[in-house]
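Down below are the structures I want you to see.
Below are two complexes that have chain A in common, paired first with chain B and then with chain C.
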Partner chain A sequence: MSRPPVGTLIGLPVAAVTLALPAVLDDSALAVYILLGLAAMVTVGVSLLMGYAGQVSLGQGAFYAIGAYTAALLSLGGVPPPVGLVAAPVVAAVFAVVIGTPLLRLRGHHLAFATLAMQLILLSLAGQLDFTGGDIGLQAIPQFGVGSFEMGGAAAYAYLTWGGLALVMLVTHNVITSRPGRALRALATSETAAASSGIPVGRYKLTVFALSAAFAGLAGGIYCFYTGYVAPGSFPVLISIQYIVMAVVGGLGTIWGAVVGATAITLLLQGLNTLATVPGMPTYAPSVLSYAVYALVLIVVVLFLPQGLLPAVTGRLAARRDRTRQPLTEERDGSAAESR
Partner chain B sequence: MSAFLGYLLNGLAVGCAIALIASGLVAVHRVTGVVNFAQGTFAVVAGLCVSSLLGLGLPHGLSEVAAVLVAALAGLLTGLAAIGRPGTTPLSSLIVTLGVGVLAYAVEIVLWGDQPRSAPGLAGSVTVAGARIQTQHLLVIAVTAVTFVLLALFFGRTYLGKALTACASNPYAARVVGLDVRRLGLLAFALGGLLGGIAGVLVTPLRPISFDTDVTLIVNGFAAAVFGGLTRPVVALAGALLLGVAETMAAGYGYGAHQLEVALGLMLVVMIVRAGRRSTIHQEAV
Partner chain C sequence: MLAVTGISRSFGGVYAVRDVTLAVGEGEVCGVIGPNGAGKSTLFNLITGHLAADRGGVSFLGRPVERLAPHRRARLGMAIVFQGARVFRGMTVRENVMVGMHGRTRAGFVSAALRLPRHRRDEREIAREAGLALDRVGLAEWADRPADRLPMGQQRALQLARALCARPRLLLLDEPASGLRAGERERLATLVEELRASGLTILLIEHDVGFVTRLADRAVVLDLGQVIADGPPAEVRADPLVLAAYLGQAS
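Entry: the complex of A and B
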């Protein structure tokens, strides 16, 4: 029995393709590739929060916005871009701790609405305050660079994005395989039971909330350097819903599922966008198609594939591998059934 | 003083519209345990329908009733998606209704475009103690009052209403005595659609409605509903009136830009205070 697990079997080629892609894609494809990586980064956090800590956040776009505004304001103020990029997740996480302390006493639909309200308040404030540039937002944000080196091409941003995603995935992996990770799974099932076995429920929930906010903040920081401007209009409520869709589609509580979900939704939307801008289609076609796709994918997956795409597929693959191994021994049969 | 009275009555009218949305939320949540995120959508659908029907030349009255019935149908369809499949948890149902709301965006843009639309309501205004009030505002208050009285009679005096109340208080016992909990849940969704539709029809002449107005409506409605813990319609009504008056006063006395923050901040404070008073065990057991 020396077959490598499915993860390694698929993971290595995927990593190789990921590294090779920026070199071959043209600029418009690279833009999709970068936005996909950023969305995946936020989605990993959402998946961790929903799948492990059992908390729904409809306001993840707010942390994305905080990261973007932080990095933009700092670098417009003359601070070196790397400092801005580091500050983006830190500020987002600190903000999450501050508002999470009262908000995380809520759960279920109350928390969902509270986080949605938080995003609406922040967007409204960003559109009114002077230092955030009002509705016009902040423009002419300098390029990202270290010292005298300045990043110009989109390919460099692609490497930065996917490097960031790799870091986020590594952190998440370490969190969920650690002792706190098991504690998180326990508190998602029942907070009372978790608390009675000595898990500091409040502190762990807050930590995961802050961690997912930091991921979104990092993605926002990269986003602002890549696009060169931020405005309240870049972070609509729909963007938070989009992360939920991606996390649910990929499978909650799986790291790779978040990436698979983000990829599937981004590519699907991109394909539809190409279809919708074909001459002869009505002008409203792109927005209608994207709304319809978000909605239908979300409803169908929640109702019929509640585990998500990736666990459903890998589950089926594992079942097939088990079946091919069945004739070997009685004993293995038993252990396979047990492990499932 | 007359300005104050004007703001008060306008605020009450705004609050009444919020109260209708909130009562729809409460009706659905009591019976099914689901928070219906598409509740604001029903109002938008009814508002857009009434603008189209009046545009086609249908008389007042008929158009409004037809629009409300369309909203009730939308409620029923939402219910089928949200609780039609056995074993859907309330949180999954919330996400499904979120999906329904986004799906409605697509349908609404195809049918009505993405520009705000309005509809003619009751024209003219009356003067009450020196304050000029639009007649439509008074109509909103009157219709809401009648609706709440009818709701109270429905839940308190009819067999169907009592069956709904039974499901709300103990679904298991309701099943034991032979009530079809799922069908009653669908009925609650249709009722929610009906109430949302009434709100939409009343509000459209006051402020133009576009496909994405539902976020404001649902957030306000939810804010009012949490006053009553999502289960008590009368407290939700009081919360909605308070919210409507607070928002209108804020706008009237020069803080119009912060109307949304006032409503949302109030909602957050109420939720957090209430959450602090209830124990975790109780919330998990329910």
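Entry: the complex of A and C
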């Protein structure tokens, strides 16, 4: 269902490449690799929230920011970095529960706009308040480390990031293939029918919202240690939209789809950025290209690959494999291509 | 087992259900019939908790439940087969039925994420019960298909399996025969007869009088939100008030 056998076959080589990459990439490529991993971490949460539980949040960037500020403030205050890194997802999740209690009564577009408003409010607060450093933000955040061991070098952060991503993916996989996961998928179709099967719909929606916020918070925590500074400008509203585009492009309701979507969009943006900074391009080219690309990619994917990249590719592979293995009826063939 | 006393609900000043009193005894199959717009669905939602009553009470297994949320009523032993399809999309037939076990198991997010022993124990039990329920309604061979692509009759059977998985004390069926072809309807009626024979208490809300006459021990007739007749189906069918209500609607 969510992970076709083809996906598992590809998974192992992918994992091997993931582990090998930090050793061979240079620092600027590693920066992209780390930011990609962090984006994938947030996007897995978006996919869980939107694809499995049917709730839309345009505010995941806010939870990313909360995680980053939490870890930054704690470590600047002398708390050991590992404690700060654990606190980042916890604080993000607690915040999600607090604001989710009223917000999750809203549905669809209303919920999307309410979460967007939440991010705008938080960003403007962070830009005004003294303890968050105002618009300048927080600087000179210590390196991540355990005890006397201090982490230096981008490769170490790459491993931390992708290890975190693996953890997030494992937790998501374990949740969706279990009793609470089935309950989430059920309430995405019909809250009425889910409630009548004994599912406390409100509490489950709040829990999955908090879980997706925790993923974003963890990514934010790693981000602050890696970059060494956080500022409101690091978390524009566009970043929240970016996560949604990544989730939709990769394929909602698949865990690997979130990673594929994050990779595709990150590489595309990098490519466009290179193109836009070619000598002779107008100065506004980078921002125009990056903004326009979200809209275009989203439209193209929704029109031609409504299930997203990964389900489209794996579905086709599975169908082809079935066909070569044994001649099958059209019905079976069709179900393989359309299953997600 | 179920007692509804003087329940009322209005929408915009118009009563959909007005002062309805109804009791269903242990092991009884009670049918609620009435023409379109008689308030059957509203009454159903008041009993399940998806609508709040303006006045009146609902008691289930001897305790008042009118203030309980739908999922709490479900956990006390009310299971529902809805009128529409209401199967969970993007899930297989088996997974749909497994959802029915939700109220009888407890493994939560933490147990699931960490794959704790409670998760394993619950999953085993859920799988076993779902298998039994699938066998019971004859869907075992469809178990691993996507649920939303089953024909209507089997989607209804799937909902029934999901409801049975919860081991309900009271089964509520909302217009189970609507939208089904003759063969599908016959299979569903046979299933309900088997459940009745096993002693399950059933409240059947149905537009089709023939379906209720065949399955119910007692029929309650609603018209314009009020009970106009209550008794054995054969007697109720001959009641002049009932005939007038149905004829009035037909003319």
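We take it that the second predicted complex is superposed on the first by the 322 of 340 C-alpha atoms of A that agree within 3 Å, B and C clash if a C-alpha of one lies under 4 Å from a C-alpha of the other, contacts with A are read in each partner's own complex, and residues count from 1 in each chain.
The criterion applied here is as follows: contacts are C-beta pairs under 8 Å (C-beta built on N, C-alpha and C of every residue); 3 or more make two chains touch, one makes a residue touch a chain.
From a predicted model like this one, the values you see are computed outputs, not experimental measurements.
Enquirer: If we overlay the two complexes on their shared chain A, which of chain B and chain C does A:Ser287 touch? Say first, second, both or neither.
Expert: After superposition on chain A, A:Ser287 lies in contact with chain B alone.
Enquirer: Quick check for you: in the superposed arrangement, does A:Ile244 touch first (chain B), second (chain C), both or neither?
Expert: A:Ile244 contacts chain B only, not chain C.
Enquirer: Would you check which partner chain A:Ile299 touches, where first means chain B only, second means chain C only, and both and neither mean what they say?
Expert: Only chain B; A:Ile299 stays clear of chain C.
Enquirer: Scan A:Ala114 for contacts with chain B and chain C and give back first, second, both or neither.
Expert: In the superposition, A:Ala114 touches chain B alone.
Enquirer: What's your read, chain B or chain C touching more residues of chain A?
Expert: B
Enquirer: Which partner chains sit in contact with A:Ala195 here, chain B, chain C, both or neither? Use first/second/both/neither.
Expert: both
Enquirer: One more residue to check, A:Pro279. First (chain B), second (chain C), both or neither?
Expert: A:Pro279: touches no partner chain.
Enquirer: So, does A:Pro13 touch the first partner chain B, the second partner chain C, both, or neither?
Expert: neither
Enquirer: Now for A:Gly77: first (chain B), second (chain C), both, or neither, which partner does it touch?
Expert: Neither partner.
Enquirer: After overlaying the two complexes on chain A, where does the chain B footprint on chain A coincide with the chain C footprint?
Expert: In chain A, positions 190, 192, 195 sit in both the chain B and chain C interfaces.
Enquirer: Note which residues of chain A are touching chain C in the complex, please.
Expert: 1, 171, 174-175, 178-183, 185-186, 188-190, 192-201, 207, 211, 253, 335, 339-340
Enquirer: What part of chain A is in contact with chain B in the complex they form?
Expert: 56, 102-103, 105-110, 112-114, 116-118, 120-121, 124-125, 128, 190-192, 195, 237-238, 241, 244, 248, 284, 287-289, 291-292, 294-296, 298-299, 302-303, 306
Enquirer: In their complex, what parts of chain B are in touch with chain A?
Expert: Its residues touching chain A are 35, 81, 85, 88, 90-92, 94-96, 98-103, 105-106, 109-110, 113-114, 215, 219, 222, 226, 257-258, 260-261, 264-265, 267-268, 271-272, 275-276, 280-281, 283-284.
Enquirer: Flag every residue of chain C that touches chain A in the complex, lowest number first.
Expert: 48, 50, 69-71, 74-75, 78-80, 82, 86-92, 95-96, 98-105, 107-109, 111-115, 119, 122-123, 126, 145-146, 149, 162, 166
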